[in-house]
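Paired with subunit B in one complex and with subunit C in the other, subunit A is shared by the two complexes that follow.
Coming up: the complex of A and B.
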């Protein structure tokens, strides 16, 4: 009896924390998304409008549909790119030794840096007049000398993805290094004895055994990519045009430029639903049926 | 009735005593009277106010002189500085929370219609203390007046000017352009010979491309709205956008990076010697075109009104940043005392002529813009801006304007960067904007 009460008591702090920081804001945003709350008219939500905000998003607002497409493009590019980049680093650094250990520690730095600082820095790096990235790329590839890196849709999206890859790739590589180092060495030795090349060993021995870690890294990165805001806000402002306007950026714009908190909440809620689906996949991968309990 | 000598003397004596008392009281009152209409007797002594302001040298100048206000009134003021880019978010958070602090809020004029229920109308306070808006230019008066009520006093404001490299124009025997076509021709010559062009900007970030396009639009006889209807896709508006786009894509007279540049980048480019022209707010002159980290000297930089598109006259765009009193503040009377002091023309003048610690150039009072001392300290910039401000207009006073402006900024950026047809881009933007206007 006492044990039963004790376990609830011990869980209470965590439950309260989750309720205050996750359930309450999510629930409140959910309620607001069904309401008319234009800050230019009232400081509090006014009328219940049922599905009006969602209807407007999907059937009467091309900018929202654009932001959905931009988000999917960004998620595909950044999640895929960051995992591949992380895998590449992991393959280079998955060795035992002091030098590798130091290199792995240094890898945490890009992830530890504030995205705001990175966004601002990359904007300077890419400046066509004095940016260091621009200068280096112009020297290496003279045919790119007059490219305005953030001035066309394709390049702006590319640099958003590359900036995000630079932030996440090293962190994901740490996950993958752990996975690589846990692969039994006898399987690799057996492949070598059978005369397999390094490439064949990678494809037939390493990759299959690394797949669970890769899948988790990919799904985790996907979830974070869906929430991309910082780099869009600092690097491109959603432009050129609306070509890099992600859903989070668009929700922010609707809330803080259009003063329409009800509509902004509806957009945020659609994003939250998308994340719930991706999270479900994530948990399914982490805890396959039969292992969860 | 006979008047005796005694009666006459008594009357004169009584009159003299009464006159003496009246004069004494008047002199005593005069000794107590404070400047700028501040209340005598320090009725709000001990009150502590908070003031939300963006980071800018001008406000730092006010903060540095606060002791004078505290000595006069006994009121203390704490400044809360926030980067301009985050100011609107902060104000909206204050509005939602219904906070009583800060007591005073500085904001951008086109945010006013959407925020006005957060601010106290100050018409009655102004009338009681004989403070009027006459001391400001019409554009700045309009920027604080919504639905016939005054909600703040303009503390910061900008006129648009064209900055140019005087030395390069002289070197190549060129005249200061007065029209956009002349500008394109002169810029082409300088770009061919010096490799630097106009520090133009088209990025939708912060929507500053709209302000440049609007100058061409107005000078071309176009309007953003007519009778509540969006009209920024008329032939005049399309022609204005085509021209603005052509500067970058066809005439190629801009410096590198214009497609992704915002206004800050344009002035930075000019300050770094990478652009020969820059069109934008005058405050850039004091800190980004000239300043500690730039390569230019005052002798190299000239300024003139923005060029005209049709005819000789250009209609430029002006903006202001008024300070208002928080409607939830419980210290509104003390806040009004501060507002009277901080908006006084003497303080503004000292801020722009005392250059030891900061190079402030922003002044709003008519008399300061025409003041010889002010102009001598700032290379005559204020006099040039005064001419521009006389015919300036402001953004439409609509609660949805900030979002309409962003829609327009995206359309302009799409036309220049992604090859969107200007007519189609403006048609789509107009449709989207009309929905926003109708929704209110």
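Coming up: the complex of A and C.
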């Protein structure tokens, strides 16, 4: 057999599977989003309604517009927060030495923990009567003792973001530690000889060198934040009210509690488009000369 | 208050130590608390006490009616296992092809495969629900493996291509000039050196499908329910059974921690190669 055929043959199973698992469903979802299809009334799509579902979302459904805002708040907070948390961890632990490398072994654990388990557990930890987080926080900050963490909209969103940061920060820090340790030590040494304080050399030497890794971490995290579902479902249930109902969660509710397949697909599709636009903008900004390809 | 440089250094060292200690407590505390809760007797579960008689009652309870965590454990193992067994070899073949051969549209194709990772799962799961309903694949291992491949494949292709890219191509060329066929080269030269990469990719894929919640929540009902979904069934009418969740959680965590040891070795070594010693 010649390479000419082999190279396609080797690729074929993967391309077929990717098509069957993503491309085809994506097209299918696109078609459904133009249909009126309520599963509670009919086993098959009833009508072709063109853009009605999208029209309804943007002009006739405050809950959808709310979910759009919630999504943007969550993505901004959790992407920014997780990268900052990761940077903080990296700065603490990017040192040579046995103690540090043992401490670094812990960093993979939060990421390996199932988000579903994390959501259920953190919900218990935040319970005002018997939660460990609540108990610790009330001791540290007595003026917050009366707060029902998941019962007020501001705090629920805060905890949604913090939960996500706990999962991702340590993982992103592993990427950043790699970047930090690869900064040549004589660059830092030179800055010190020139009389730069740790603070100035962080801003003038470390941060610029780390920028490419930070940028990648940020893009990666933004994409995953858009897709996040588990924490909303298990930690806050979208509440209180609709204050943490992200687009993913709202599409899920429309699809699997209201059984409105057409409308749910339309919402999911808007989310996918939003993600495409945001990542396109990022790639433009970060890799201006097409370095990504 | 002026400090000498030496004193300053010492203060900074102490502050760093305290910060690291706080960090470790924040990261490990919640995990430890889940373990502790899982072995607490019911009377202590809703208290903050650290002193209690450890018991295995919670573990006994989750394996019995109506939770049957044993069956769910088997589902989780089988679905993640088959996903890895199918996904990784398929990804390896494609990754080799992407890495070694030149062809038209290769870049576009590779980027296209990666771009599928941008597609939110909620978009994919709606049509899958409708398709599986028609094909009678709802609530089956086959269906779950199929959809899990959508998370795992692009990632594994990307990871393995990166790995194969770092292997020098000279050996393969030498063997080819000696008359070996491409397939023999792949089997005898490429495969042996790729094993570590395959192993790491396999571990990541296992973690991803083991921890999947959204797909299992929507596409399983009774028979093929996986461990993460069981967690939501403990919100019962008699109240939330936190001690049972913690016991189930321990089962979700254990294999993850065992294998994340290897992942961490790969990562930390990859990231800090040669700098530790």
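Keep in mind that, in the parts below, the second predicted complex is superposed on the first by the 277 of 293 C-alpha atoms of A that agree within 3 Å, B and C clash if a C-alpha of one lies under 4 Å from a C-alpha of the other, contacts with A are read in each partner's own complex, and residues count from 1 in each chain.
Methods note: a contact is a pair of C-beta atoms (placed from the backbone, for glycine too) under 8 Å apart; a residue touches a chain by one contact, two chains touch by 3 or more.
Predicted model, so just to flag it, every value in this text is computed and none were measured.
Chemist: Which partner chains sit in contact with A:40 here, subunit B, subunit C, both or neither? Use first/second/both/neither.
Modeler: After superposing on A, A:40 lies in contact with subunit B but is clear of subunit C.
Chemist: With the two complexes superposed on chain A, say which partner A:257 touches: subunit B (first), subunit C (second), both, or neither.
Modeler: Touch status of A:257: first partner only.
Chemist: Could you tell me if A:114 is touching subunit B, subunit C, both of them or neither one (first, second, both, neither)?
Modeler: A:114 contacts subunit C only, not subunit B.
Chemist: For A:243, decide between first (touching subunit B), second (touching subunit C), both and neither.
Modeler: In the superposition, A:243 contacts subunit B only.
Chemist: Name the chain, either subunit B or subunit C, that contacts more residues of subunit A.
Modeler: C
Chemist: Please work out whether A:139 is in contact with subunit B alone, subunit C alone, both, or neither, and reply first, second, both or neither.
Modeler: neither
Chemist: Looking at A:177, would you say it contacts subunit B, subunit C, both, or neither? Reply first, second, both or neither.
Modeler: After superposition on chain A, A:177 lies in contact with subunit C alone.
Chemist: In the superposed arrangement, which partner chain does A:130 touch: subunit B (first), subunit C (second), both, or neither?
Modeler: In the superposed model, A:130 contacts both subunit B and subunit C.
Chemist: Pick one for A:150: touches subunit B only (first), subunit C only (second), both, or neither.
Modeler: first
Chemist: Please identify the positions on subunit A that touch both subunit B and subunit C, taking each partner from its own complex.
Modeler: The overlap between the subunit B and subunit C interfaces on subunit A comprises residues 129-130, 256, 261.
Chemist: Which of the residues in subunit C end up touching subunit A in this complex?
Modeler: Counting only subunit C, the residues touching subunit A are 16, 19-20, 23-24, 26-31, 33-34, 45-48, 90-91, 93-94, 96-98, 100-101, 103, 107, 109, 111, 113, 116-124, 126-131, 146-147, 149-150, 153-154, 157, 181-183, 207, 210-211, 213-214, 217-218, 227-229, 231-232, 234, 240, 242, 245-246, 249, 252-253, 256-257, 259-261, 263-264, 267-268, 270-272, 275-276.
Chemist: Would you pull the subunit A residues touching subunit C in the complex into a rising list?
Modeler: 1, 3, 6-8, 10-11, 13-15, 17-18, 20-26, 28-29, 32, 89, 92-93, 96-98, 101, 103-118, 120-122, 124-125, 129-130, 132, 135, 166, 170, 174-175, 177-178, 181, 223, 226-227, 229-230, 233-234, 248, 251-252, 255-256, 261, 264-265, 268-269, 271-272, 275-276, 279, 293
Chemist: Write out the stretch or stretches of subunit B touching subunit A in their complex.
Modeler: Within the complex, subunit B contacts subunit A at residues 88-89, 92, 95-96, 98, 113-115, 117-118, 202-206, 255-260, 262, 265, 269, 272, 274, 399-400, 402-403, 406-407, 410-411, 413-414, 416-418, 420, 428, 432, 435-436, 440.
Chemist: Under the definition above, what is the set of subunit A residues touching subunit B in their complex?
Modeler: Per the stated touch rule, the residues are 38-41, 43-44, 60, 62-63, 126-130, 146, 148-153, 156, 236-243, 253-254, 256-261.
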